[in-house]
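Two complexes, one shared chain (chain A), two partners (chain B, chain C).
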Partner chain A sequence: MGKRDRVVVVTGASSGIGRACALRFAERVGGLVLVARRAAALEELATECRGRGSEVLVAAVDVTDAEAVDRVAAQAVARFGRVDVWVNNAAVNLYGRTEEVPARLWHRVVQTNLFGTYHGVRAVLPWFREQGGGTLINVSSVLGHTGFPQQSAYAASKHGIRALGDCVRQEVRDVDGISVCTVLPGPVDTPLFRVAGNWTGRRVVPPGQPVPADRVAAAVLRCADRPRREVPVGGASRAGVLAARIAPGLVERAGARVLGRQHFADEATAPTEGNLFEPADFGARVDDGWRSGVDGRRRRGAKALLGAGLLLGAALVSASRAATTSRGRTRWARR
Partner chain B sequence: MSTSALVRPTGPELSPLPPGVVLPSVEEHLVTVPAPATWRERAGRRAAESWQLRGLRWGVRSVRPPIVLVHGLGVAARMVAPTARRLAVGGLVLAPDLPGYGRSGKPRPVPRIGELGAALTSWLTTTTAAPAMLVGVSLGSQIVIDVALRNPAAVRALVLVSPIVEPERRSWRRQLWRWQQEQATQSLRLRAIQLDDYRRAGLGRVVRTFSSALAQRPEEKVGRLRMPVLICRGSRDPLVSASWVRQLRARCGGELVTVPGAVHAMSYENPVELSRVVQGFLDRIEGRPAAGEVAGVRA
Partner chain C sequence: MSAPDFLASFDSASAMLTATARYLRGEQFPALGQPTGLKPLVKLTDRLPRRLREIAFIGSGMTEAVSSRRMRHIDVERVNEWVVGEYPQRSYPAVVVGSSCGALVHLCAALGIPWLPQTFFIPVRQWVHPDDPTGAMRRGLRPGRALLDANPDIQLHHMHDANQDRLMVRALTYFRYKRRVLGPAYERFLHSTLRPGGTIIISDCRRRWRTTTLGSRHVFQHGAVGGATEEEFHEGGDRVAEYLHRYDSPVRRWHGPEPDSVSPEAEWGFAPALGEDIERFARQHGYQVRRLAFDTPAKPSPMVADLYRWWYQRRRIPANRLFVESFIVLEPWWTLRTGTVPFWMTFNMDPSLRDVQNYLDDREPFDDIDLSLFQHGVEAVGAPSSDDWRAVIARARRRGRYVGQDLDTYPYEMSIFARYDEALREIPARYPMPGALTLDEFDGFLAERGDYPGVRWERLSVPA
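After this line comes the complex of A and B, so read on.
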């Protein structure tokens, strides 16, 4: 596919990673479809994307509405003839103990993140099949591989997104041209932390040093060019995914002790639904300034220490496991 | 459960293809139309004379307006067949060979664009009673514009695919080089079909028809159209510039679609994209909710 030959759909395009993706794709693709709830934010973004040379279709749609997402796909092909890349990125977050957060908020997180992704998948796959190809990119998270205290809805939905992608990848094996990718970012500097629902009573701050959203967007674009099964973004999330695979128990304990403490500031806040039901009236932007703040600098040392500790721990555990199995095998072979 | 219930209303109509659904097969048809008066005058023939128009037909009549696909210069209905086959899932699709081309009769002297349009107007009233949607590809776009102006009541809507020729390029000198560039975007299969059709038509006829096309002023004619118009351009089309289709759109107040990656001979090389765009346009003007304009979705 040559320059500006592709058509791309991005959900959750009004802010954060989705916005960064839209801006990057706008420089390279012929048609761009922007999906989010906030019409005004999308219009403003569309103008910027058109300035970068792409034609833009705007869809002010909530991804929890399956029929509306179907219509977005139908509109996209009616307008551009094709959809080559579909990025399921729209997501919300909710902080609070599992038993304490209101059930309707928990449901809403899964509806937006997991059902929303599912709606995108089912909307675009028939068109992919008809045209004989296409790349589906689902934005999951490191929390698609490991758990996290006070974020059960988010982690469960991100695990679900990864599983959904794995299943669909197996289903579309009959069509060579279709690829399914799962992108796994760690903490990213986006408005997500500020607009999340929060039932913890404390202000949420990103754990460790968040990576810029543009870096995730770059990974999404690489997937669009050269699809891969799973793509962790950044060294920390690569280490996190690896550690969660090698030593899941250890990562769980470390997460509960260290990261759980880091994620919340000593600042009381009232419970909030965040942007779960109504989009926030701020934060229609890529970043939220987390990388430049004092908080970030303070935590950088802690993050490095933590990363090193996780890796060392994981290495120790895997080494001891390997030793056990090899001894076991020897004994079994001798018998 | 009926097979149609397996297909979701907004999904592509061909896929996933439920078991038991058979793609419409192609049939040939032959229509005889009176030769246009201007041509008879030029030919010096007083007596009524008729032209034979052969063509292809897919699908069956449905609530949807019939779709008529008109091919481009030198080629014939085969060139639009891949698109027609897809569109035929929803209703009747017709593609005539223009007089002098393909397997239609070979009137001499070579008819001009207006005469081809007149013949196609009579062909249209003979063939379908319901107002049809006309899709003109390349040179065919000039002919469908002509038909729509001659008999607006018979035309539900117009689609101009890769419309030619723009004012700054209305000379052989400016066309030949670009035409060579366009050839480079064609697949070998299309080139084989093209060679065969050129042989049937004869190079002299192709040259004379194109001379007549160079004298046309489509930008003036589209201003008089009173039906919905869609203009469709492939982003990899060296013959049709983006500014020209924008100018056409401004003149007729229609819609403009640029298909990323599509070439000039879209009806053969990008049939999936073209049929989706045409079907989407038809759904919009017919006010069908399935793929119609959604609240919150706009270009």
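After this line comes the complex of A and C, so read on.
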């Protein structure tokens, strides 16, 4: 089967990374299934995707509904005969201190991000097994490797998504044709920051210079063509993942001191549930303009400084650990 | 340990035992359990003309035949030693003992339990005219008595089927013996592998046949389960006359010995003496006994097919695929690996065709149907046409497929024995091999589904 004949399902397709993925896939595959809560936004996107050459099926579904997601998979197979790629991308975010945010909001983030991904995995894997193959792409985050202040629900869910992918990857090892990929973007220029739930009392802005959503979409498409286990997107993400592995303590301190400050503007806002329960009536687009303007240039400088600092710190910690180990060995040898 | 050389491997018991044991060992069952290196040779038979195919078929049977002079030296306990050696030595919640049945192979696979056959087939090398059952009976008397004298724990059913086994029966005398007691090997196996308080399931096929008594443990059975009815074997008929004419026989009906008894059918029927011994053994060791009784070997097939479909639905397997199996052309490992529902047919004759038609009539349609057919090289009484079989696979909603090469060559396509497993492997679906169902789950399934005609699942009370 040629790449042009593939059938792709994208959740969270109405905006941001999902929308960028849909638009890119529309030029390259035969069948596209767009999943999100907002029917109108999906229909508008579907029209654009059809214009790019793909047949489109629209499914206005909340990924927290396991049975509805099951039906999406079945409808995709009924319509196109198969599903070759399933992108679990739907996500929401909530800012606020863990002990302060209402529990139901925290739950909702995990329900959408982690449970939603799980529902997608659960829905599509039987069909992948039936076909003898397929590529599952879960969009996690660099926060799937490290923590972050005031985003515990998001980071916990993204850790969970990464762990879920790792588990499923092992479960499907008996079928050569099934691949499981985890994509790890850092901050991305999407409406997510603006529509997130916010219990911090301050306006949220992206930390550092966010990458374009289309760049993440390009990474997703590369996974669809050539599946890889984990794919960080952008230099900052790669550095962040590496630093989190080498020097997790240092990364936590940096996150708490530097990134925490970068992430919130000095502008008071009232608590909001954002789009956690009801989709926002704006933001049905790929980017949100975070990459332009003076603030952007300032953040770009901060990001570069932070990345370099993280790596340097990681190197120092590693060197320090190596020295400690070496001294320890020497002492052991002397005894 | 290899199978004793006096045992036929192309027989239902041997092949089904091998398939079951291989499944429990986590292995596949290609080429009917024969060496896969022979596959290219078997496939070459497609290129032979019909007459040469028949000779090749007879030749394959002849290689397994044993001399009648060996009968008094045969110790059938060696067969039991081989049987128990085939199974992994581990703890089982239940063990089946008794009649052969292809659906039972899949039931054992689902429950993860072994099956110890009661009946085995010793092919004795003797040349007789296929249409002279009385002469065949006489030729079998002396070797039969020698076998029985050497083995007091068995009963012998000399079977002569000039219909389906026309090619073989001229060269081989079909000695099917049935164990009347468990014997040391089976008892040792049960004792070492059956969990304390575990269950012995008696596979009790109630198929009977009118027989001629030759001794206290010795009967002659004229005919066998298949396309011709018991009456046609004993009394003849238009279909028999036409068949004998087609094969240039000097007779237009078979003149067999007068039946004077009714016995468990030679290949499938369960001899009750073993049941009594199982109950004795269970009493002594505190095991439970349950009986799966079925009127004919075909009766459990709908139940097992439904069990698999139910099981797949519970496992959220979206497949809706049926594999129609015939006699020993079955594959429990690939069936589960591909999420396929097995429907086992006793053979490849009209009654089996009706069985699968009835099953399909009564069930939700299948998307895909794969059909295998055992090939016996005879245009026998009651053989369906190729078009009849095509109509079966045409009932698939999406794709019907015959797993051999050419349905028009039925029943002469021996190469299917080398191809059926390859055809199953071509199915792209791959599902994880499941953990076994428990007996309680099986009970639950049956309670949910109700009774199956001709099948009884009974709990026997075994007094302490």
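Note that in this section the second predicted complex is superposed on the first by the 323 of 335 C-alpha atoms of A that agree within 3 Å, B and C clash if a C-alpha of one lies under 4 Å from a C-alpha of the other, contacts with A are read in each partner's own complex, and residues count from 1 in each chain.
By definition in this document, a residue touches a chain if its C-beta (ideal position, glycine included) is under 8 Å from a C-beta of that chain, and two chains touch if they have at least 3 such contacts.
Remember, it's a predicted structure, so these values are computed and weren't measured experimentally.
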Quiz item: So, on chain A, is it clash or fit between chain B and chain C?
Solution: clash
Practice problem: Go through the superposed model and pick first if A:W127 touches only chain B, second if only chain C, both, or neither. | Solution: both
Quiz item: Just chain B (first), just chain C (second), both, or neither: which does A:T64 touch?
Solution: neither
Quiz item: On chain A, which partner touches more residues: chain B or chain C?
Solution: B
Exercise. Check whether A:D174 is in contact with chain B, with chain C, with both or with neither, and answer first, second, both or neither.
Key: second
Quiz item: Taking the superposition as given, does A:A39 touch the first partner, chain B, the second, chain C, both, or neither?
Solution: first
Quiz item: In the superposed arrangement, which partner chain does A:T272 touch: chain B (first), chain C (second), both, or neither?
Solution: neither
Quiz prompt | Stretch of chain C, among 111-119, 129-137, 291-299 or 309-317, that runs into chain B once the two complexes are superposed | solution = 309-317
Quiz prompt | Doubly contacted residues of chain A, that is, touched by chain B and again by chain C | solution = 74, 77, 126-127, 129-131
Quiz item: Which chain A residues qualify as touching chain C in the complex?
Solution: 74, 77, 122, 126-127, 129-133, 171, 174-175, 177
Quiz item: Residues of chain B touching chain A in their complex?
Solution: 8, 10-12, 14-16, 235-236, 257-262, 270, 272-274, 276-277, 279-281, 283-284, 290-291, 294, 296-299
Quiz item: Given the complex with chain B, which residues does chain A contribute to the contact?
Solution: 1-2, 4-7, 29-31, 39, 55-61, 67-68, 70-75, 77-82, 126-127, 129-131
Quiz item: Which residues of chain C touch chain A in their complex?
Solution: 316-319, 339, 428-432
